[in-house]
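Here is the structure we will look at, set down as structure tokens.
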Amino acid sequence: MKKLDLLTPVGIFIGMTMIFLAVFANAGAGNFHFFMQWTSIVIVLGGLSAAIFVNFTSKDLKLLPTVFKETFHSNQYDLHELVEIFKNLSTKARREGLLSLERDVEEIGDPFIEKGVLLAIDGHEEKTIKEIMMAEVIAMEDRHQKSRSIIEKAGEYAPAWGMIGTLVGLVLMLQSLNDPATLGPNMAIALLTTLYGTLLANLVFIPMSNKLAGNTEEEVFVKQIIIEGVIGVQSGQNPKIIEEKLGAFVPARKKKNDAEETAEEREAVYDQA
Amino acid sequence: MKKLDLLTPVGIFIGMTMIFLAVFANAGAGNFHFFMQWTSIVIVLGGLSAAIFVNFTSKDLKLLPTVFKETFHSNQYDLHELVEIFKNLSTKARREGLLSLERDVEEIGDPFIEKGVLLAIDGHEEKTIKEIMMAEVIAMEDRHQKSRSIIEKAGEYAPAWGMIGTLVGLVLMLQSLNDPATLGPNMAIALLTTLYGTLLANLVFIPMSNKLAGNTEEEVFVKQIIIEGVIGVQSGQNPKIIEEKLGAFVPARKKKNDAEETAEEREAVYDQA
Amino acid sequence: MKKLDLLTPVGIFIGMTMIFLAVFANAGAGNFHFFMQWTSIVIVLGGLSAAIFVNFTSKDLKLLPTVFKETFHSNQYDLHELVEIFKNLSTKARREGLLSLERDVEEIGDPFIEKGVLLAIDGHEEKTIKEIMMAEVIAMEDRHQKSRSIIEKAGEYAPAWGMIGTLVGLVLMLQSLNDPATLGPNMAIALLTTLYGTLLANLVFIPMSNKLAGNTEEEVFVKQIIIEGVIGVQSGQNPKIIEEKLGAFVPARKKKNDAEETAEEREAVYDQA
Amino acid sequence: MKKLDLLTPVGIFIGMTMIFLAVFANAGAGNFHFFMQWTSIVIVLGGLSAAIFVNFTSKDLKLLPTVFKETFHSNQYDLHELVEIFKNLSTKARREGLLSLERDVEEIGDPFIEKGVLLAIDGHEEKTIKEIMMAEVIAMEDRHQKSRSIIEKAGEYAPAWGMIGTLVGLVLMLQSLNDPATLGPNMAIALLTTLYGTLLANLVFIPMSNKLAGNTEEEVFVKQIIIEGVIGVQSGQNPKIIEEKLGAFVPARKKKNDAEETAEEREAVYDQA
Amino acid sequence: MKKLDLLTPVGIFIGMTMIFLAVFANAGAGNFHFFMQWTSIVIVLGGLSAAIFVNFTSKDLKLLPTVFKETFHSNQYDLHELVEIFKNLSTKARREGLLSLERDVEEIGDPFIEKGVLLAIDGHEEKTIKEIMMAEVIAMEDRHQKSRSIIEKAGEYAPAWGMIGTLVGLVLMLQSLNDPATLGPNMAIALLTTLYGTLLANLVFIPMSNKLAGNTEEEVFVKQIIIEGVIGVQSGQNPKIIEEKLGAFVPARKKKNDAEETAEEREAVYDQA
């Protein structure tokens, strides 16, 4: 249910292009090399890594590779299909009993739905099932939030270390004002760390951490629908009510389109809202 | 129930006029062209789009056209009429039964009221009706919040990318200080991206996202009144209590005016508060 | 129960005096006229109005006159008198029945107390009375919050538009650096919009919106005491318990002073805390 | 239970010393007088007072003297003694009845404990006692929060008015650039208001409002323990359970030390955690 | 269960190296001494200590040594082992009774688990056990939050006092502009306090306070699992349900690995999610 999210690399590429455009439009192509000051890049990246090291434990930092991979992927959920799944499960459970669902949930292939239905088959109470499933959702949310906060903090430390680099450069420049010819270029170099820090924060770290937050939010949303669905199946609710309840979470436009497709649903008046 | 909100285009027009006024008052009409640096505009808009691409998924971005359309419209609800509707529905339901309302709700033409009353007619319990209707309100709120946050983030990235453009311009300017004659104009161009970024944020993105938030808040407010009303009708509450309860949400002044119009209400002492 | 709040005009007057003092102390009385640049004032006020127009709907803006009037007034509540009122109402209700209160509440002259007691006389349940009264409090809070946020947003847009005006001025100034004699005065004019924006925000809009927030908070506080009191009267609670409960909300010092005045209360040991 | 908090004056003294040190180290003792520009001080203090006047009502401002006195005092609570008090009260209440506690609570001398126990003696229910005592705690918290917010807002307006003073100075300076000799000193004077504003905020107002917030938080914490204790005594709970419950709030280290002192407690294994 | 957290000193070391690198790359090794201005360091540290003194009480400051030690340590919890412990305790309790656990919990060596189980053995009710244990968790959280906030506030005051030092330096420099030769170096010295303040905040105080917050959060998380486990054991829950419930908190990957190790768990289908 994960899909490559091309927007992340595309966005970073467009952002870099804008910088090249800015340089090119102001001063021509010959000035690109000036914007590649490796020591300045090392200072900003090194400084923010230093702050990240003090900020987190080694256990937290181990989550970093997963986090980066995550930003280039997005979840792919078909909410309408999800409603359909639980409608079917509930219909079958009412006809043939909960035990008959064991094979079906394996075929669905979603471990969270499977876990929930198996808990129901095991005869656990509604409250226990809800507790166990919610505990997993909360634990997942906490884990994501922890790993996301590394990127988030990097977005805060990057401009700060850009400014620290600029301050060091300014102090050095001001200390030896006797040669006015070097004044401009020295200050230009000093400003580069601020440029790097601001760019890293506003093109990479802050947008990335927001994308991760959005992904987590959606995953929690989907898992809560699943919990509602499992509880509905477990307590033998009417498939129609389950569809009604879960359907309320699906965006309106989507439902209308579906209604146009299936003649059966066209009759249910209050489904076209 | 949607109306064109003229204030959005009027506000943007006034804001642009202020900029023209500022240029004209300081330096005469001949300088307008200087404020139209296409590359600077491309850098700010391109940079903030880049950040938005990294920040959101393609599914989120598909909401953008709807969002922009939404900022030029505002909701049009007559709270007093709403109270009246539920007073009438409740009176009829108590006299002729819930089933008699089917035709009436169709005439009202509000799909949310219709959905609620049809759920009541279907014989669902109060708790179930509330759950299904609230789920729809929460889903709408989430959807609006998600789409609004694109505008909101644009309002954060715009000034940042304005500053990035200015930093690039400053670095280039400082690098070649040998010609003092070009110093001023170069710095002027560098500052333009900051001006564009700040203007976009404070005239377009931030105010627009606030307008959207206000619209959503009001829609949620109205839908909650509708839920209260539907529950009142479903549970066969006294029309007078329904009027009392829903009426508490209507602003005081409005109620007084209405009281002056209808003699009947003038007798209800505690309605003039 | 509303009183003119002289502190608002007095504060604005003192603030303007400080500006005059700053000009006078630095450069003598002859420079006052320089700080009155009408175009700069128009740009800041026009720009922030433009942002406000995009930010709000016309329905919101209609609340503006009421809001401004409100900042020059403050509520006048005597909490101790309020406790006394409910003590008396409860005493009478226990002796002569709820119906006997109809005349009394009319004399008190507070429409919210009147509404509550009349609901009790009508025989509504505790839960219904609480719901209707709380709905009114929440609706009032929402309404105040909405209208206050116009002032609040003006306090955010004012410095931003001050900066936009300054940026326009700086760009124009830098564009024509050939005449050093005009450099200073031009930059002085450019800085004026920032001064206006900061002054408007920190002398008028931000303090005003805070005053409104404080007034609303107090009004909600008083209305919650009234609800507690009405419920106490309706459920036939002991006047002593009502006094105890409501009295807990009254500041300690006040209660001690009152205790010194009335000998009766001096005996109630735990009332002096 | 209030003690003079020497840290407040000591901190302000150290802060002023740092400023003197900074002047002395940079430019020698002869420059101190330059930092005492009375008009600048008046502008910053006058401006922030003006904003405070618009921001608050006269009733709020009357709390100011108490607030200032409060910052130089801190609460002095012995949590362990508190646990002991309620253990003893509960033991006596179980042996001799609630009525026997009247004399004891007078001797303790804490009006809040006294109030609570007297309510219990009067035969009020647990819920009523909790409601009345919590109402007092919440009212105290609100009152403290209101008065603290005056200091808090002063910490926000001080830097803003420092900047307003500097802007006025800069505008005046730029207006008459013809005499370069006065340029430096004029700008120095302009910067002084920013220095005053930042210093007032970061040495006086912000730290003071934080100290007040900490004091209030602790007072609420202690009062909540007292409420727990009173309820325990009122409902005739086992002294051991009361000790266990209240003891959980006392910091771990403290308990270990105490355990070392009293042999009796050393046996209670789970008390050494 | 505490382990030395090497990342804190390593991070600070890398951060300092970046500064040296910045100086070295811009101006060679001979300029290091210039960045060591003892009076500037004293001003920033003294000023922020002054603000801290005003901000906190002496009781709060006594927590400081513990806090600093804490930042160089991190918790070491094996969540899987914890689940195992409670599974075993519950199995034994069901077979041999709660009393049989007294020896076992002593061997586990965790005072919080011991306290909880002893409370269960003493025959306290579920609600009482939960209350006492939660009170301890909340008290610990409060204590940590209080001590952490000293570091947090230092991170806010450090840049402010850096700016105050720079303002004093700028005022002194501008006051005597007659000697242009000293202009640069004087301004360089003035900027140093800003550099120190920003560095202290972004390398030491802000990251440290975040690390402490993370540690506390994890400790609370683990203690909540322990409370769940103790309640499960006390109420005689099925070891399988306890494992299921607590297992939901353990990250997914971990569980899969464990499943690969122990053949027994491989059969539990819904444990591999």
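So that you can tell them apart, the chains are marked A, B, C, D and E in the order they are listed, and the count of residues begins at 1 in each.
One rule holds in what follows: a residue touches a chain if its C-beta (ideal position, glycine included) is under 8 Å from a C-beta of that chain, and two chains touch if they have at least 3 such contacts.
The structure displayed is predicted, hence computed values, not measured ones.
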item	value
Chains in simultaneous contact with chain D and chain E	none
Cα-centroid distance, chain B relative to chain C, in whole angstrom	25
Distance between chain centroids, defined by C-alpha means - chain C, chain E (Å)	41
Chain order, ring traversed from chain B with chain C following	B, C, D, E, A
Residue ranges of chain C touching chain B (in the complex, touch as defined)	39, 42-43, 46-47, 49-61, 106, 111-112, 114-115, 118-119, 124, 128, 131-133, 135-136, 139-140, 142-143, 146, 153, 157, 160-161, 163-165, 167-177, 186, 189-190, 193
Residue numbers on chain E that touch chain A, as the complex places them	5-8, 10-15, 17-19, 21-23, 25-27, 31, 34-35, 71, 74, 183-185, 187-188, 191-192, 194-195, 198-199, 201-204, 206-208, 210-211, 214-215, 221, 241, 244-245, 248-252, 269-270, 272-273
